[in-house]
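Common to both upcoming complexes is chain A, partnered first by chain B, then by chain C.
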Partner chain A sequence: MSTSFSRARRRNMGIAATAVAFVVFILPFLFTFLMAVKTKKEAALFLFSWPSEWHFWANLTEVIKARNYMLLLAYFNSTVITVAAVAGLVVFGAMVGYVLQRRPSGWNRVIYAGVLMGLMVPPAVVPTIWVLQGLGLFKTIHGMVLIQVAYGLAFSVLLYRSFIGTIPRDLDEAAIIDGAKPLAIFFKVILPLLKPVTVTLIVVQSIAIFNDFTNPLYYLPGKDNVTVQLTLFNFQSQFQSQFNLLFMNILLVTIPPLLVFIFFNRQIVAGMTAGAVKG
Partner chain B sequence: MTASSSSVVLKNLAKSFGAVDIIKGIDLVIEPGEFCVFVGPSGCGKSTLLRLISGLEEATSGTIEIAGRVVTDAEPSERGIAMVFQSYALYPHLTVRQNIGFGLSLAKRPKAEIEAKVQAAASVLQLGPLLDRKPKALSGGQRQRVAIGRAMVRDPAVFLLDEPLSNLDAALRAQMRIELTDLHKKLGATMIYVTHDQVEAMTMADKIVVLNAGRIEQVGSPMELYNHPVSPFVAGFIGSPKMNLITGPAAAALGCTTYGIRPEHLDLSTTEGQWQGRIRHVERLGAESVLYLQTEAMGELVIRLPGQDCPAPGSIAFVTPRAGRSFRF
Partner chain C sequence: MKLIPSAAFLSAFTLLAGLAQAETVLQVTTDGNAETVAAMEALTAAYTAANPDVTFEIENRPGGAEGDNLVKTRLATGEAGDILQYNSGSLFQALDPAKNLADLSDIQGNVIDSFKSVVTASDGTVRGVPFGAAMGGGIYYNKNIYAELGLSVPKTWDEFMANNAKIKEAGKVAVATTFGDTWTSQLFVLGDYFNVQAEVPSFAADYTANKAKYATTPAAMRGFQYLEDVFKGGYMNEDFGAAKFDDGVRMVATGEAAHYPMLTFALGNIKQNFPENLEDVGFFAQPGPSADKNGLTVWMPAGLYVPAASENIEAAKAFLAFVASVEGCELMIKTNGATGPYLIKDCALPADVPAAVADMMPYFQAGATAPALEFLSPIKGPALEQITVEVGSGIRPTAEAAALYDQDVEKQAKQLGLPNW
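And now, the complex of A and B:
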């Protein structure tokens, strides 16, 4: 009796969860896709309807060709910024987290307080631009990379620091006895063990940085510096009523993060539970 | 693989953490090829002393000589030592083969040489079929052997082992005790072994160093320590069950501050003897029995008798210390 009841209940819960997931995740995506393949006129109606004519290829090529292939340039810029910034976040985050966790000296406490500040204090745009201008980094891709690293570093340092706390110090000492210098200990013993956190960090940060809209808007103006999210902004002003193209653009911009997510999905879950169980 | 064995000489070695003195001036000579065991209660500084020798911890004062060379300020890897940790400290992301060869590959030795040394260590330790496994897929005893293998390929002059058997169950511990003793004979290397288990100390050591609160209480062979303990601390630490140690007026009446007599050196009788008491508790172990006798004169005494025949709890009994077997401190 009770088992059949709970089984039915479990099934109902499953159906409910699937329905919610469908409404929240699949419907918007479906809507975007349907809009993207419609004609200009039909799209302007904003109806959740099956397109009367399929304009997939026409819309696709038009979006890509728009403004002298701006979307491709944006893909390139965003990819460069994302890869460089995430690489920086992983290497520096892990190194700083390692030193903070393993060598508690007076200075490290000050640095740790600084890291916590980095999480709490909201970034101020105008002074940041002054600093960038002073350093000659304003409107440059590497300047943008540094901004993204600076904004994300506090989080990644904290994540790595707490995970490194679960790695026994004996391992470091065994490596010291085996003749490893500090850099070798870090790269050959510690960093490989941080893989679960690293994967999580890569996914979370690369999606955030690739999809970033406001920071490139403030710190990276200029036609040559366009990033993917800004191509939407450009479209909206130029094709005021061409919603089919706008949605096609959205679709194209959504795909890379989606691929990253699907590809790393399994590891992310593993990474989030990794610290929980000893072994 | 015979390592050249070396002596270890500690001179007035001390270590403080901040204001707390943990090791308080240790002078010790360990001969080449000796199996030396540090024993003492928890927190007495055994691990710290071992880590000072290994170089993982810096000495506050004093000197350390290994193989006649002063290494007090040398890097751990330059001291000619290898260490086996209580937790084994195997690298979880590397296979057994890579774990054992890690130090050699760091030193950029040729691949063939690394492989040969790993194979040699694996055959001594019977790790051959496990070389491609990760530590996760090994049992406790196998992990232990990998940790020893990793120490062996370094060809160390001195092996340092910090409670290597404490994570194993009793049966495996007994087996590993024998294997380690055999390995010591085979390699001929100097070994320094930390334990708080006096059975391990008695069965494996050539020389036992009893530590108490950062100082050496006594140094000697197992039988020297058993037969001639210099202090009540050593007397109580070596031997199982523990020696009966009587203090206070009862000891003063016998002309000392602490009177000691081992449980196996008390003779029991139901009719007559030096001290009378009531048997409070009996533990029968088959080959021997342990009795707890509550006496008027000496407080509670533990008595060890061979065999299973002994008086029932609650009955009156007499004990007499065997002549020449008691200690007065």
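And now, the complex of A and C:
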């Protein structure tokens, strides 16, 4: 009696959860898609309705060709920034986290406070630009990569540090007895074991960096430095927007993060629970 | 034998170097409005065709508050490029033009005086040239509804309200109201400024000097009263709290509503989304208490500026001189059509302008125009749009709203460090 009750209840919960997920995740996507295939006039009505005419291909080509194929350049720039910054975050985050966890010293508290400050204190724009100008890194792609690494490092250090706490020290000691040097221990023994949390970090950070709007806006001016989120301004302004093209652009910009998410889906869940075991 | 090729290389190299030196690339930053981009692309293409050694890179920036921050950040860090498109009037003053922008006083030959006054820095030098057409702030009306109900264009506010009553009786929305975009709520207050200054000519100066207040000047307070009247009459669309600017434009263009208080740039939107309704829409200045003192409140177009930190000030000025010439003005009209008068001497509008522009021209010809208050006084309270939404939704009565706006303005004036506050 009680089992059949709980089974029915579980089924109802499942249906409710699916419905909520549909409303929260699928409906906006559907709305974006429907807006993207409408004509300018129909899109300006902003209704959740079936398009009377399908303009998918015309809108798609217009968006890609806009401003001399700006979107393609933006894809390239965003991809370069995302890949380079995430690679930096994984390597440096894991290294710092490893040393912090394994080598207790008086400095640890100071370093840990610094990491926490990096997480909590918001960065100021104008002084950051002064630093970049002084180093000759302003308006360059590698300067932008360093900014993203700097902004994301605190989070990844915390994530790695807590995860490395779950890896037994015996592994390090065994490697030392076998004659491994510190770098070899880190890269050959520890880093492969960090795979679950690394996948989480890749997914979270690559989506955040790829979708970043304000940082490229301020730190990466210049026509050749455009990133995907900034291309939205081709079709949107305060007083007059071309909503069909804007939504087509949004659709195109959403696809890469979506692919990352689908590709790494299973590992993400594993990584999240793995990182949450011990603080 | 060996000397000849290397000499040839050398001469080729110097030639290339010479070319590279003569080549100037000007960095242009504009907002992302389709019309702005189209006009800028046409102007730069024509200029490069005439001067092949000067080329341009156009970059878009966001509008609104985000755009203000961006422009200020870039000016503060000396990275604003060579040419900057930005608002004139009080927003221009907020850029600290005397420090951040180059002096353009010597290329103003063709510019009409009324524009010069809104891009003049505190030291009296002119630092911008006009880019685009001047806009009128008034009321769009649907000509089909007017013809159907036998109405005539109102000259006074009472006539306007009488028209509204007849339109409501006929079962139509009288005044399209779009508080979903809060900035659209300010039009009755800001667009009334011609009528205010017709009655109190010294209002702008007294207001800046903290001698006149909205709450104590009946002529100025009327703008808030109008909002309340329209709400009390029930002349608005049902979804007035959620409707957006795009909805308001649609309503007046397609005849869902009879009136829409707005600036004339909305014509661009009608042209894009409802080209077949362009001739159905007319325009009149906001009516006031008396018919013979009625006129149009005008918004000045954006300006083009040269940041003081630019490395190509001379080349940028030469281009801006071209923009501010009759030739440049005609090029802009050809690209975007005429949505209002351009502020260049001897630059006439074509004969076949849209109906709403044709309705606006007589005000200019008769000299019955006045710049909006934000071009005459640096003070504009940041919360005006929230206050006008409250009044227009019947949440706050007129007198209280005017007093609240006076308080709001005080913060802004103190921030600007004006005397007497």
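Convention: the second predicted complex is superposed on the first by the 270 of 279 C-alpha atoms of A that agree within 3 Å, B and C clash if a C-alpha of one lies under 4 Å from a C-alpha of the other, contacts with A are read in each partner's own complex, and residues count from 1 in each chain.
What we mean here is this: contacts are C-beta pairs under 8 Å (C-beta built on N, C-alpha and C of every residue); 3 or more make two chains touch, one makes a residue touch a chain.
This structure is a prediction, so every number in the text was calculated from the model and none was measured.
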* Asked: Between chain B and chain C, positioned on chain A by superposition, is the outcome a clash or a fit?
  -> fit
* With the two structures laid over each other on chain A, which partner does A:A44 touch: chain B (first), chain C (second), both, or neither? -> second
* Asked: Which chain makes contact with more of the residues of chain A, chain B or else chain C?
  -> C
* Asked: Does the superposition put A:P192 against chain B (first), chain C (second), both, or neither?
  -> first
* Is A:V91 contacted by the first partner chain B, the second partner chain C, both or neither? -> neither
* Between the C-alpha centres of chain B and chain C, what angle is found at the C-alpha centre of chain A, to the nearest 10 degrees? -> 160
* Considering only the touch criterion stated at the top, classify A:A58 as touching first (chain B), second (chain C), both, or neither. => neither
* To do: Would you sort A:V125 into first (chain B), second (chain C), both or neither based on which partner it touches?
  => second
* To do: Could you look at A:E173 and tell me whether it touches chain B, chain C, both or neither (first, second, both, neither)?
  => first
* To do: Could you look at A:I111 and tell me whether it touches chain B, chain C, both or neither (first, second, both, neither)?
  => neither
* Once both complexes sit on top of each other, what is the least C-alpha distance from chain B to chain C, rounded to whole angstrom? -> 49
* For chain A, what residues appear in both contact lists, the one with chain B and the one with chain C? -> none
* Any idea which chain C residues touch chain A in the complex? -> 27, 31-37, 57-64, 66, 70, 73-74, 76-79, 81, 244-247, 250, 265-266, 268-269, 272-274
* What residues of chain B sit close enough to touch chain A in their complex? -> 54, 56, 76-77, 81-83, 85, 87, 89-93, 102-103, 106-107, 136, 150, 154
* Across the complex, what residues on chain A touch chain C? -> 40-41, 44-46, 67, 125-126, 129-130, 133, 138-139, 217-218, 221-224, 230, 233-243
* To do: Enumerate the contact residues on chain A facing chain B in the complex.
  => 168, 170-171, 173-180, 184, 188-189, 192-193, 195, 279
